[in-house]
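Worksheet: one structure, shown below.
Think of it as A, B, C and D in the order they're written, each chain with its own count starting at 1.
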Amino acid sequence: MNHTTEEMMTVAAARALRDGARCFVGIGLPSTAANLARRTHAPNLVLIYESGTIGAKPDHLPLSIGDGVLAETADAVVGVPEIFNYWLQAGRVDIGFLGAAQIDRLGNINTTVIGDDYRAPAVRLPGAGGAPEIAASSKEAIVVLRQSPRSFVERVDFITSVCSGPTTVITDLGVYSPDGDGELALTHLHPGVTEQRAREACGWDLRVPRAPKRTAPPSEGELAALRALAPRRKAAT
Amino acid sequence: MNHTTEEMMTVAAARALRDGARCFVGIGLPSTAANLARRTHAPNLVLIYESGTIGAKPDHLPLSIGDGVLAETADAVVGVPEIFNYWLQAGRVDIGFLGAAQIDRLGNINTTVIGDDYRAPAVRLPGAGGAPEIAASSKEAIVVLRQSPRSFVERVDFITSVCSGPTTVITDLGVYSPDGDGELALTHLHPGVTEQRAREACGWDLRVPRAPKRTAPPSEGELAALRALAPRRKAAT
Amino acid sequence: MTALLPLPDAVADLIGDGDTVALEGFTHLIPFAAGHEIIRQRRRELTLVRMTPDVVYDQLIGAGCARKLVFSWGGNPGVGSLHRFRDAVENGWPSNVELEEHSHAGMANRYAAGASGLPFAVLRGYTGTDLMRRTANVAPIECPFTGQELTAVAALRPDVTVVHAQRADRSGNVQLWGITGVQKEAVLAARRCLVTVEEIVDELTPRPGAVVLPSWVVTAVAHCPRGAHPSYAHGYYERDNDFYLAWDAISRDREAFAGWIREHLGAAV
Amino acid sequence: MTALLPLPDAVADLIGDGDTVALEGFTHLIPFAAGHEIIRQRRRELTLVRMTPDVVYDQLIGAGCARKLVFSWGGNPGVGSLHRFRDAVENGWPSNVELEEHSHAGMANRYAAGASGLPFAVLRGYTGTDLMRRTANVAPIECPFTGQELTAVAALRPDVTVVHAQRADRSGNVQLWGITGVQKEAVLAARRCLVTVEEIVDELTPRPGAVVLPSWVVTAVAHCPRGAHPSYAHGYYERDNDFYLAWDAISRDREAFAGWIREHLGAAV
């Protein structure tokens, strides 16, 4: 089956979620990928949303991180202060799963403003949401975003979130992880993506291993499961 | 009707609770008096127990401050951290209602140890419970205890709780309030109690006004309501 | 005790120009009807507080009610940008809006501190981010036992909090369920509060997962069926997702926005 | 994932000599059966933590399990003194027990800090009392925004927390309701936890006022019908008040106490 680059990105992100892990699902594409993982290789993935739903098992893709289906299917529903204090901050989350508008060479995340002047930004983004504490308190972080020279930058315009544990960055072109010195480096190229294309879509001089691994293309099962989620996907966060 | 000194103390304490007030009911005789008040002049008294029950309306005297009837009849049941933080500490309680083993000239309360040596006390008492914060965070405090030279002392052996607002102390002999300089002074004598008797049951040189007021004896209605509570009273806290 | 009031009277009584006003509801039970009434009554110079200033605050900002916004995430959930919010920040239309921004954890703890009668709360957060430089309401604090450095956030104490709930009884006791968010904390942190409700009932029968606010912490209740539309009210109606999608186009254009406000709220912008 | 174990195995696996052990349950759902098993297994040198060390801790202290007690109120609720507790403190029988005492608000916040992964919590409390002088786990702290002085209490992190609940499902998800006290915080603050339950069911249907602990924070579940007796389990059985009254006489006398332990627990003191 043919697939789009967005489908590849979503499938690659879903694969990074191991079965049984406790995953704090941030706003954006992460919710689609986490729900795909639950329908494919990770039926026991524990989905935790910042709306206070722990162990949600939605039968359709939620329209927002506070969709009623999350409360109806959760093991427990708690208040927002509690979800951040007792569940996230206390270190009970294995994987923090985030979107981003920009990420930089050192893995800093920006979801606040584009432009040099905070008070008069070129683009005002939504802001932090749960991301700073998801990035800081999860045992590891997965960040998904579309890659371009404007989103993969030398230095973000605003540091909204800093990942404190092992980090995996998944884009429409490939997969990246920090090297020993903390600089983001390519580890996998998605099918059909050249090293050259990944370099061109990166705002710094990208480190590429001698022989980057290749992401396996989406399987028929993965694509079918993803597309079964699709009817409501446009509206999902 | 004849009445015992304990009945007089309980009735006097109940009368001190005005209708509609939010009353944080500590362990001990306060629960009996608060439930009596709800059955007599203060049907809209809001009873708050440290077990997390807000607006409890028990139809019988609870066996403890965590009796199931409190949860069944409450407007809301919350956890123990919440009852202390969001409800008591935030200043939402009008009247904190406490028992005590000792009280001193300056109104300090002891429920911890009797004796000079904390590590080898003559009598080990239960300890603080909720009292320090009930005394400190309620808008006013009512303290009930039996009066004797051992309970009404110059200086308590251990300061467990300090009342921060207006305070009324109700004993089996009379009613006391701090004077302008903070020293507890007699305001009312219960029926049949002489000034001399109140002085003898006090460990310091008691201030008595020229003409102490007299507590009205328990009415028939009050005694009947109190005795209707009585069958389970012995076991109540 | 709680006043049962028509919504216009409740807004007129409780909310004044220049007030710090929090409308809360985390995706669920967003008090849209109350927000619309604030626009109709042309409140000005408000400091608007909300973790997720979504479409309802886009409307208030576009209508010129806001002087300042205290928030942690401002977007149209599931759709994209808030265009009125962006137009105010990027272009100063209809006026400049001062921003104070936090993380969700920071905002939630600020409300919890307010509800607890404490001047601040402690969390692990903000460390290494540029958020700390942008407000005086975040500061480092040292643990007196371990010497660890943590983050303190100042308590939030809105003049008024507005929330929407499923039900109240005639005394003003309020019950809400489903995703209950930060509503309890936002109500208890405020000096006054207004609760709009789907239904007024004789008795609040217990519900799994329900939060109950006793009447004596509720200043006013207003009966507003569908008062959370286009968001949802668990057990009453679903989110009107078409509206959220349509809002993207309406709000992109200043004229289209003004027309919508005129047509749907009967208010001039 | 949660282990479903017989109570003796669960206690043997989770609780070792010298551990810091919290048994929680605020008047309701007191884990008596687990306490009795700790006595049978002759655990020693425990630091026993509990807001209200009532009859169950009187038994543990009298049986010689405790080295230290961390608590806020030690009495026989509704009856009077704890005679084994008093005998240990006043006369060192069967051994001296070190005391660290707090207020309820202090203990509740210490658990909440532990559950939150913070080293301390902040409250208004202890001010002007002699409690501050008796432990290093309470200290003044200054608000970085207002300069107000408040009180910090150190987090509690028990090695093991034991609670009793009405139900668990076969995966080890736990549900308790009625007065839920500080159990959630005590479980989440602990390194390991054991939950004894009245029933193991196929599915946990939602209940008003229920707290649910997901299986992945529960180390072990043991099926113990009437495991909270003589305290009560809301919806299952009432408090056996006669036992609380009878305990007063049993516990006053060392011989009577030892006889009761022998007869009812099959354990030597």
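Some observations on this one:
Note that contacts are C-beta pairs under 8 Å (C-beta built on N, C-alpha and C of every residue); 3 or more make two chains touch, one makes a residue touch a chain.
Please read these numbers as outputs of a predicted model, since none were measured by experiment.
Two chain pairs, B-D and B-C, are compared here, and B-D has more C-beta pairs in contact (counted per touch definition above). Work out the mean CA point of chain B and of chain D, and you get 27 Å between them. Chain D has its Cα centroid 39 Å from the Cα centroid of chain C. With centres taken as mean Cα positions, chain B sits 57 Å from chain A.
Within chain A, residues 85, 89, 137 each touch two or more of the remaining chains.
Looking at chain C, one finds that residues 117-118, 123-124, 184-185, 209, 211 touch two or more other chains. Chain pairs that touch one another: A-C, A-D, B-C, B-D, C-D.
Those residues of chain D whose C-beta lies close enough to touch chain B in the complex are 26-28, 51-52, 71-75, 77-79, 81-82, 85-86, 89-90, 101-105, 108-109, 111-112, 123-131, 134, 178-182, 184-185, 209, 211, 232, 234, 238-239, 241, 244-245. If you check the complex, the residues on chain D that touch chain C are 117-124, 136-137, 139-141, 143-146, 148, 150, 152, 154, 206-210. Across the complex, chain C is touched by residues 22, 46, 54-55, 75-76, 85-86, 89-92, 137 of chain B.
Listed in rising order, the residues of chain B touching chain D in the complex are 27, 50-53, 63-68, 70-71, 77, 79-81, 84-85, 88-89, 112, 118, 120-124, 126-133, 136-137, 158-162, 235-237.
Those residues of chain D whose C-beta lies close enough to touch chain A in the complex are 115-118, 173, 184-185, 188, 211-214, 216-217.
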